[in-house]
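Take a look at the structures listed below.
Both complexes below contain chain A, partnered by chain B and then by chain C.
Presenting the complex of A and B:
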């Protein structure tokens, strides 16, 4: 199913945990499993960023993960969308003053949409993805 | 076509013409699948590098994976067994014969008792 004219195909998603407590991941699992079942719209998780259109990032980005996040972002084909899920990725959250933090996410790579929450509900994550998609389409139309 | 014609060539199913044809068909199929792939990747960028969980690709020859890695889990899970067994492998024939005779004697004694 085509969600987007810009991408021309289903929205494939790569999930990147940059140091999350896994709370956001649990909500993402809830989003892709039968309760919300976003896979029916073609949004599915893939194992490589080279196959992905959307990058879902959780966690505040630890020093170890920062270069890996940058490389994963660079490996995604264009056009790409980045959605930062959870308050840790937005501001560092409870880890904001940690000695081991290179983030938040937007200090490492550009972010299109922020989804706040600790953790955000599946509805919020889905809304964030749809918002990012709309933003991408708008940018394509303008260009 | 007679399905058994290849049997008369002297090669049987190893007929090189058949294998060459099969390889050519496989090559055409592989190229067709490759042609379906995306063409908008930026060349000589990270987009064409292999994905190794976000790690940098090691230089050619820079990575070395010993064969023992393949059965590391097996050895680790049976560590207690191997810790006792490996020292017994002295490589000396006399030791092995002693073990052989000892086990044989034990089997005979057990057999006689039972």
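Presenting the complex of A and C:
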């Protein structure tokens, strides 16, 4: 599916908590507060994956959440972007040796950009989203 | 109806649809910017809703496996088409409605139900439990705001029937003889109460905070619209935008049918333009008080509270308004 010109200016975002400690959520919500105000760029939080263009995932993906994460990813309409926020989703982070992990996020669904940090700052999350967009645009050009 | 008339109606309908959609999206943008400013944010650009629509049109349009496809796809079209068709009965500025002489207030009240019903049907057809709950809540909300809305309309219809004008229920009559000029002090208070009622019914009709219980993003994940994506979702947003214009235009036509051009001596064309601009300003003022200001100041009601607010408080308020208007015209 082709990327449209408008996608980057109107990213509707779905937050998915796959078992995080909520630290990353606090930072993501900070990004919509007046200090950072990502709505300036047309980014908006939505309640349903069907409305979303961007999936922001936090947490290391517990066994219970793994099938749900996959389901939510599949429910999103194309074209879609996935950004993994926090070191948990990259490697398991603090929970790396937990008996309850189904693995980091990229074991379950494809990830476009990883944002490291525990938790990452809001600036880092915004940068991650911008990077994901740039990456998709480049992929579009090459293909 | 001859051919010339027919062409007029077709062209007029197209123009109305275009105006409704553009103005609806434009006011959505104003609303978002104003809300952001009131929250000390900068907010999105004014044309953000247009960008959103353009994006939604390019997205994949998913029909869920559980859905009833034809109903699921038809609902957004019906919602948009019915919102646009209401526009044909409403005077905009000094432009008379396209179907002048046909519809009246009562018809508009009935037509206003259709977009909401289309959303309910779409929600039920999408086969998701969230959407089903959302649809049930939407129906409850509809039943709730119908009481104060109907009472207000009855007050108007009764008053104009009392005045002995011909065609008392038509909006053109209401526009020609503003209600404020026909009532004494008691009736004036009554009309103020009715105006407050209408302003508070508007966010309920539009599914805005604090009456957005059927959509409830945080608990119902978008409720009625949960399974909609891409083009269908865009159509629903457009229909909401048009409906916002329709509702505020009804409030304007009922309560503020004044035109600037009648106070300034002007020739025909500039007068129409000035009236058009003045109409947009009036719509903006109504929209600001009934949507933006309330939306920013309140949290969401529970569905039981929605019923309470509309039936008990606003129902009582509008009944008092109706009684005052009646008493007023008896003692005059």
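Annotations for the structure displayed:
The rule is simple: the second predicted complex is superposed on the first by the 136 of 143 C-alpha atoms of A that agree within 3 Å, B and C clash if a C-alpha of one lies under 4 Å from a C-alpha of the other, contacts with A are read in each partner's own complex, and residues count from 1 in each chain.
As a working rule, a residue touches a chain if its C-beta (ideal position, glycine included) is under 8 Å from a C-beta of that chain, and two chains touch if they have at least 3 such contacts.
Since we're looking at a predicted model, the values are computed, not measured.
In the superposition on chain A, A:48 makes contact with both chain B and chain C. By the touch criterion defined above, A:69 lies against chain B but remains apart from chain C after alignment on the C-alpha atoms of chain A.
When both complexes are overlaid on chain A, the residue A:78 reaches chain B and chain C alike. Note on chain A: of its two partners chain C and chain B, the one contacting more of its residues is C. By the touch criterion stated above, A:39 is placed in contact with chain C alone, chain B being left untouched.
When both complexes are overlaid on chain A, the residue A:116 reaches neither chain B nor chain C. By the touch criterion defined above, A:23 lies against neither chain B nor chain C after alignment on the C-alpha atoms of chain A.
Overlaid on A, the two complexes show chain B and chain C touching the same residues of chain A, namely 48, 50, 75, 77-78. Of all the residues in chain C, the ones that touch chain A in their complex are 32, 36, 39-45, 48, 51-52, 54-55, 58-62, 130, 216-218, 220-222, 225-230, 233. Considering their complex, residues 1-2, 4-7, 9-10, 12, 34, 37, 39-42, 45-48, 50-51, 53, 75, 77-79 of chain A touch chain C. Those residues of chain A lying in contact with chain B across their complex are 16, 48-50, 65, 67-69, 71-72, 74-78. Across the complex, chain B meets chain A through its residues 38, 40-42, 45-47, 49, 51, 53-56.
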